[in-house]
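In the part that follows, the structures are each spelled out as structure tokens.
Two complexes are shown next, each including chain A; its partner changes from chain B in the first to chain C in the second.
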Partner chain A sequence: MSSGIGTRVLGVAAVASLAVLAVMALVITPADVNQLDAVRLIYIHVPMATVMYVAFGVTALGSILYLLPRTRARKWDLLAGAAAEIGVVFTGLVLVSGSIWGRTTWGVWWTWDARLTTTAVLFVLFLGYLALRRVGGDVDARAKRNSIAALAACIDLPIVHKSVEWWRTLHQKSSLLDEQTFLHPHIHGSMYWTVMLGIGAFLLLFAWLLINRYRLAKLEDRMEDEGLERAIAERRAEALTGSP
Partner chain B sequence: MLRDAVVMAGKDLRIELRSRVATNQVAPFALLVLILFAFALDPDRGVLARAAAGLFWVAVLFCALLAIQRAFAVEATDGARDNLRLSGLDPAAIFLGKASAIAAELAVLEVILGAGVVILYNRSLHGPVLLVVTCVLATAGLAAAGTLYGALAAGLRVRETLLPLLLLPVVAPVLLAATRASEAALGGSPGDGWPWVRLLGVFAVIYIAFGVVAFGPLLEESS
Partner chain C sequence: MTHVGYLIAGYGATFAVLASYSAWIVGKKRALARELPSEEREPRWP
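Moving on to the complex of A and B:
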């Protein structure tokens, strides 16, 4: 079960588009009038946030498909887990890149802005989910537990978002980081396209990571099953031949 | 189904009344938390009184964790969980019963903590209607989400450490909304509190509904 030709092409495409992105982001696009070179963080920050949402979307979808009796299959749980792992990594990267960006433009590493706070809660929610996934037990029981936990976390997100949004808007104006800034009419043409390219490149990267992580999860699964069977067979053989 | 739920809640509450773990351990712990906050925050400068609503709800969350651990520890011994599955009670009713029992325990703890806040933090109570509604809805939400995650973590070797990690981020909106609503009530501007109360209501309804649906599969899987 080695990596297929399609996956390899996908990997090459991801690396190539990331290389183009690096050139576009660091050389071709202009610096911002106010933010200077710090604005270039947008080319990775926004794509990583997109990957984060897509990844957790895949986790939710995989969990639903596992829980529905008609589509129940072990692979959906493995897919959900693979996507969640990548999602958590990218959530961490989003928080770090956002923090660095915040430091250079707002002067602070962290503000209790609605979006930042929601992302932080999201990060912790899915760290908990990954911790739960690592707990052993019967395979089906584990998968069911994982799926329910993922959905319970996902239905929490809109509530977290709403509450945090109210919390902040009752105290201060909405932050710099809302959609208006990204889709603002005066965003420079090449900057806009570079952000779009970034999203595409990171989605390719996500797809490549997801396929490989999923394959790894399947192999781990198989090793668990076959490892036990093999051990039993070996013991039987020993008993039959009478050797120690 | 409702009758089953009442049976279940009655059973859990009877255990708590007889074992006295809630009264002898959880309630003193709640008061201890209030005293610890006073050590951490300077009581002379009014920090405690201003933060009273938030501290109250943080203390409630800690106690809720203990109550939930306890509610499922009771089922862990003597094969009680298998008996529960064999009892023929509707899983949804088991969920509702356990959640109601936890909610009842939390309600008692909230009264104790409330008295503690009034006496120790020197904070007078205003807006009783808003306060009571906030407490009822927040408790319902905490108990529902707590029962769901309690069942999820029950029977795992790492449940003591896993439950807080799973539950606390999920109930973060409850902490936030309940604190804001209580602050509005105490600050004498109840109008600001009602949107938060609605949010608490939505949270409670969503997690009760989710628990009712998900509890069946969760009980089955225990092994």
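Moving on to the complex of A and C:
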């Protein structure tokens, strides 16, 4: 299975925009008055958190489409699984980059803050979802079970987002997606546009990863089917010849 | 520049993990695709 031209262009665009982001984030933007150069971690932390939401959103959408009888198709379950795996990778990186930033700003690697804790719970929930996907059984029953588990795990998504408003947290409130600050963001100039560039670059990477991971999932699915068919054929042959 | 070690750790871990994960996906996809006969290969996205 080869990549299409569109996918290759997407991959090149993702790499190019990430390279521009690195230059903008590490060289061009100024240091923050309070955080000094540690603020540069925000240019990857916030975009990766955005991708985390998008990835699990795709997982939820794929799961809903599988559970609806009218749209039920194997591809939606595979898409949900592909997006969830990418989401777990990005959630892990969000936790790591946030921890490093927290050490420079708060003085601790970890604290049981509401935003951090709910994000860690999200990470563990989707690790469990990925483990559940590996449990055997009938294809349709497995896909239904996966979809229900994904939707149950996705309940944590709005809790993660709203945690900084619902509880008193060390983590600052939303800088970009808050209703009042969306049009008048708290950060300005090159810092704001670097965050926006980061979101665009990481979303391009997410799209490229999703396409390729989905294709890989389809291949794995086909190989699994072929392996099963081969095993059944071998058993039949054994039964006919009477030899073990 | 301040916090150089933290920046190297943060950016280094991020790009190393993403590059490794991307390489794993592409490598495994190519390996599996080679095992399939050409007429059985999947159509392209979507």
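A few comments on the model shown:
Just so we're on the same page, the second predicted complex is superposed on the first by the 194 of 244 C-alpha atoms of A that agree within 3 Å, B and C clash if a C-alpha of one lies under 4 Å from a C-alpha of the other, contacts with A are read in each partner's own complex, and residues count from 1 in each chain.
Quick note on the criterion: contacts are C-beta pairs under 8 Å (C-beta built on N, C-alpha and C of every residue); 3 or more make two chains touch, one makes a residue touch a chain.
Keep in mind that this is a model prediction, so the values were computed, not measured.
By the document's definition of touching, of the two partners only chain B reaches A:141; chain C does not.
After overlaying the two complexes on the shared chain, residue contacts for A:160 are found with chain B alone; chain C is out of touch.
After overlaying the two complexes on the shared chain, residue contacts for A:218 are found with chain C alone; chain B is out of touch. Within the superposed three-chain model, A:88 lies out of touch with both chain B and chain C [touch as defined at top]. Number of chain A residues touched is higher for C, counting chain B against chain C.
Once the two complexes are overlaid on chain A, none of the chain A residues touched by chain B in the first is touched by chain C in the second. Chain A meets chain C in the complex at residues 1-2, 4, 6-7, 18, 22, 26, 31, 36-38, 40-41, 44-45, 48, 75, 89, 92-93, 96-97, 100-101, 103-104, 205, 208-209, 211-216, 218-220, 222-223.
Remark: chain C residues 1-4, 6-7, 9-11, 13-15, 17-18, 21-22, 25-26, 28-30, 32-33, 35-36, 40-42, 44-46 touch chain A in the complex. Those residues of chain A that touch chain B in the complex are listed here as 67, 121, 124-125, 127-129, 131-132, 135, 137-138, 140-141, 144-145, 148-149, 151-153, 155-156, 159-160, 162-164, 166-167, 170. Residue ranges of chain B in contact with chain A, taken from their complex: 145, 148-149, 152-153, 156-158, 162, 165-166, 168-170, 172-173, 176-177, 180, 192, 195-196, 199, 202-203, 206-207, 210, 214, 217-218, 220-223.
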